[in-house]
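The two complexes that follow have subunit A in common; it is paired with subunit B in the first and with subunit C in the second.
Right, the complex of A and B next:
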């Protein structure tokens, strides 16, 4: 064992520090822009902080305690923002997972103009949130919008609930489905055609092929899409900021919107930082739960069995040697 | 939408913050190590003539930031170009951005030592920025310009003073006005040359319009210009938003409830559609779909570009006391991390010069802050502006205490809830006033630390 390791090391030319050297640029940027601000943010969250003022007042955990105190100023705003974030996430994620999958399977079929359609569906994603937000705000305008005019409806898409949520989810799905679809497409391309052939030989129909070949083949992609989509939805800001202005009556004001307003408009950086960390903690929990729910139970079981087998073999060998 | 920073094209400003993501890291990254007062060198004290004697030093370049994104922008640009051509050794570069962007960017730029040499601020932002060390005192400029309180409307004048020092020079006053569509009025059998001036006349006119199938006055639930409209009504009904000292929130008192109820009743009585979309009230006015719109003087030039037949007058007196909301643009000098004496003098020469061109600025759709210009024959020739300037003695400005914008956010939430969620006006105002009161007290503590 030791010999093989040594052999491998000697085959590597140059200093053992080389890989770390290659990592340095990334690490430097990561430390400067993520680690240091993140740690510094914790420090800020313990203060009544305004970087333009002379002194920062140390509050200990009061900014956090305020988020648990119903009578505090930030409490109603923050939890309203969290509730709205949850509503948007729960309402948008299923569509953002399922619709792009169907779209990807459709675009995976060979037909003339396939590349054109792939580009078409991806196109909105290229646009910035300001562009799509502004555009849809005018299209959805309840008094003059073309949407009402086309469908002959009289709906206040931006100032009435539940229509505001319908509009925001709809716009977000239209805007970002292309991105998820492209990732699904890449995943679909990685599933060997032989598996479908084998499934077909075993008499599997399209549904069985989908359940027993496509879905398991897409597992890593699915996990990636689930996690990024949930995070993206939980970080929704621009759409409701531009299209509904957080309204009607704060009902589409997301957590990030609340935090931004508190920190950058009211200059309560400390309280805003505390809210950011609470939000981040929630998102971390959701991501961990996600990993855990989507973990490959079969593969984990196989790995465990393999390990147990090896151990057994080792033991029998040792037993043989001692005998 | 928080601080009431008003400009010609406020309806566009919602975009400005869209680019700001509010993650923990982003917020944390905003925090500087120490406060600017520790790190910034004391501002150079220029010669003391406040720019009156002109500038004859080496050539300098000045950066001038503002939020004149509407029709007022090109007008200011013209003035800046004229200044540059008249002053060989001073080159001024004007950068225009959305007001919200500007207010968010300025403190950061100042901390980084990249702030502009000259800026513009609204009357209700001066105190906040003075308290936050974003702008520097300019008593010498006021002295040099021979600015006297008697030559200005009191509030825009006093707004510039924070902690006994002057931080800004008033440029203009922009009041709310009553725009009416003459064609629509005529169609409903109303005299287009006699816009209503009292509550009875106003409601009678709306009733006539309703009979003609026109919802006359659309009640927007958005700050622009719903907030200014309701504030004007509160003053008209004899109320106040804050007490004189800016220590108490008073909008939940009876006049506030009456005002908001009057506004919400526009919908109940069928004079306005329910749940009006953002800006739809003004767009409808331009399309001839409604007849009346209470909007800022800054829309004068915008409406001149339309084909509708319109007029503008002082706000009708609904509540019994003449009153109208107004804001004011003010010149400020942002704090410089590395002060440059030459630039400091040149900046003062610039402010001094522009301040004397306030008639040219009035053409951009503003009322000059100076009484003398406002009373000149040349200004009176600007029909619409002069008409709105008649309100000068009845104008009410936001209080000039640090962080006041935070309170207006609560006010905006209150009427939004009444108009969009059917909350009872008295309850909405009471809840919001309670929160605003807390914010007011918190801010008093914060800015007096």
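Right, the complex of A and C next:
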């Protein structure tokens, strides 16, 4: 009797190995192409690694030290790339945070055809960087591009600074703003209508509603958008590669362009791997700072509210006990 | 609400935005129908004055730029990649959402933590790994490594967490084992999430640029995005040809998007809000 019960129970929940069987196909790929490379990459970065050669020379931390040594070969290239990535990130992120929010607020208004317009504003994002890059390179051409013709300007958008940055930021905003707008839109939908009604009762105009209801309600979404947008901008590669080819005079050559050219074209993989870890460390710092800056206040507030609630419960309990 | 819909300002704004978003795509298409000379006329023309399929003729007959092959490569790679992502992520996401086992939290934590690891640190080691496997310059390099991404598992797990527990309980009472339960009960209910993930994975793979740019070398092995940059090199100022290539690379994703835009947009929205 006990044996049959036990047998049936184990058949019901399956063998203890079942969960691992479900996980195996994914984990096999995950371990091979994420876990192992993450560690192997560090190992590569400690070598003068040239994949054309049979044996690799161990350097220790030389590749990292080189990045701090002004006289080393990779130093000027790397920091030029880092500087350009920083310029692009600082110049593009504010637009990619603000414009999609405005777009989402527009799409949050109820009007006929809203779904159609939402789909249209997201459309550029479903195209790849190769397509939109080639398209904009043509539209931005300094001699016969339609952009110059529309604005009645005579600007060499792809070969003159600061216009090259203006062009790259503009193209990126055009291409990706639908993505952030959709996330904002979902966040706006999660803000309870009662909060707006309560604010209206208190006599709040649209600006006060925006500052006291919309923005606080969007905080978790804003953290997500800030972090992912900064990461995406810091990962910029294709736009520069196709539209400006890193020029004029390497002034739009981003960190990723520098790293891939060094590692995957000139095959100095050790130095390139070290550079990629340094860039990743910078990005981790920025993400963490971002998270704490935006998260802390909310968490603190929640903790305070929770404490107050508990105190209230304690007090009512005490009152109940004494009565 | 009706007042807003009747406000002419709203419609003027929407019209301007429509031109900004669709205009460039239309010009890309119109340019592909122009002669090389007209594509460089000053001031630029909007409609092709003498529409011609010359650019498409050149593209389809250029032996050293086999756009048909690139198209087929992209289609095969993106389809197989998307299927691989959906199968592996559904299985793993289901186990992580609905099964109790030792190490579950550690495994899930490890997978999720990689969501915030930038992809470029894997470029050098994965290149060397593919070289060791003999996968460089093959479509396997485009299909498989990308399926290690954490998003799909995270996405499917979230979805399975939201399904009612009664599904599995009633299946168990009927005597179904875990695999039968998964196949017959959970998967049919997870269809919307799987379609969303399938489409998102297909789009991402179809458009991927940096990885195929460095792991594919032979003319016949390229995917469309990399092929397009080759066109840019070969037809530097013959813009109709380059735009025709861009049109060919965009059409499948735009058509797919028109049919499944709801899935794409809801997938992006849920990934962001719940992430």
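Observations on the structure shown:
As a convention for this text, the second predicted complex is superposed on the first by the 267 of 323 C-alpha atoms of A that agree within 3 Å, B and C clash if a C-alpha of one lies under 4 Å from a C-alpha of the other, contacts with A are read in each partner's own complex, and residues count from 1 in each chain.
What we mean here is this: contacts are C-beta pairs under 8 Å (C-beta built on N, C-alpha and C of every residue); 3 or more make two chains touch, one makes a residue touch a chain.
On a predicted model such as this, the values are computed, not experimentally measured, just so you know.
Superposition of the two complexes onto subunit A shows a clash between subunit B and subunit C. Ranking subunit B and subunit C by residues of subunit A touched puts C first. In the overlay built on the shared chain, the residue A:54 is in contact with subunit B alone; subunit C does not reach it. In the superposition on chain A, A:130 contacts both subunit B and subunit C. Of the two partner chains, subunit C is the only one that A:186 touches; subunit B does not reach it. When the two structures are aligned on the shared chain, A:30 is found in touch with subunit C, with no touch to subunit B. In the overlay built on the shared chain, the residue A:40 is in contact with subunit B and with subunit C. In the superposition on chain A, contact is made by A:18 with subunit C only, not with subunit B. After overlaying the two complexes on the shared chain, residue contacts for A:230 are found with neither subunit B nor subunit C.
In the overlay built on the shared chain, the residue A:256 is in contact with subunit B and with subunit C. Within the superposed three-chain model, A:218 lies out of touch with both subunit B and subunit C [touch as defined at top]. Clashing C-alpha atoms between subunit C and subunit B appear in just one of the listed stretches 128-136, 146-154 or 164-172, and that stretch is 128-136. On subunit A, the surface patch touched by subunit B in one complex and by subunit C in the other comprises residues 33-34, 37-38, 40-41, 44, 49, 51, 129-130, 134, 137, 143-145, 235, 237-238, 241-242, 256, 259-260, 263-264, 269, 272-273, 276-277, 279-280.
Interface of subunit A with subunit B (complex): residues 33-34, 37-38, 40-41, 44, 48-57, 73, 129-130, 133-134, 137, 141-145, 156, 158-160, 235, 237-238, 241-242, 245-250, 256-257, 259-261, 263-267, 269, 272-273, 276-277, 279-280.
Across the complex, subunit A is touched by residues 1, 4-5, 10, 13-14, 17-18, 20-22, 24-25, 27-28, 31, 39-44, 84, 87-89, 91-92, 94-96, 99-101, 104, 107, 110-111, 114, 116-129, 131, 144-145, 147-148, 150, 153, 172, 177-179, 182, 203, 206-210, 214, 224-226, 228-229, 232, 239, 242-243, 245-246, 249-250, 253-254, 257, 261-262, 264-265, 268-270, 272-273, 275 of subunit C. Remark: subunit B residues 1-3, 14-15, 17-32, 35-38, 104, 107, 111, 131-134, 221-222, 273-278, 280, 283-284, 287, 403, 405-406, 409, 413, 416-417, 420-421, 423, 435, 438-439, 442, 446-447, 449 touch subunit A in the complex.
Remark: subunit A residues 11-14, 16, 18-20, 22-23, 25-27, 29-30, 32-38, 40-41, 44, 49, 51, 103, 106, 109-112, 115, 117-124, 126-131, 134-139, 143-146, 149, 174, 179, 182-183, 185-187, 190, 220-221, 224-225, 227-228, 231, 234-235, 237-238, 241-242, 256, 259-260, 263-264, 269, 272-273, 276-277, 279-280, 283-284, 287 touch subunit C in the complex.
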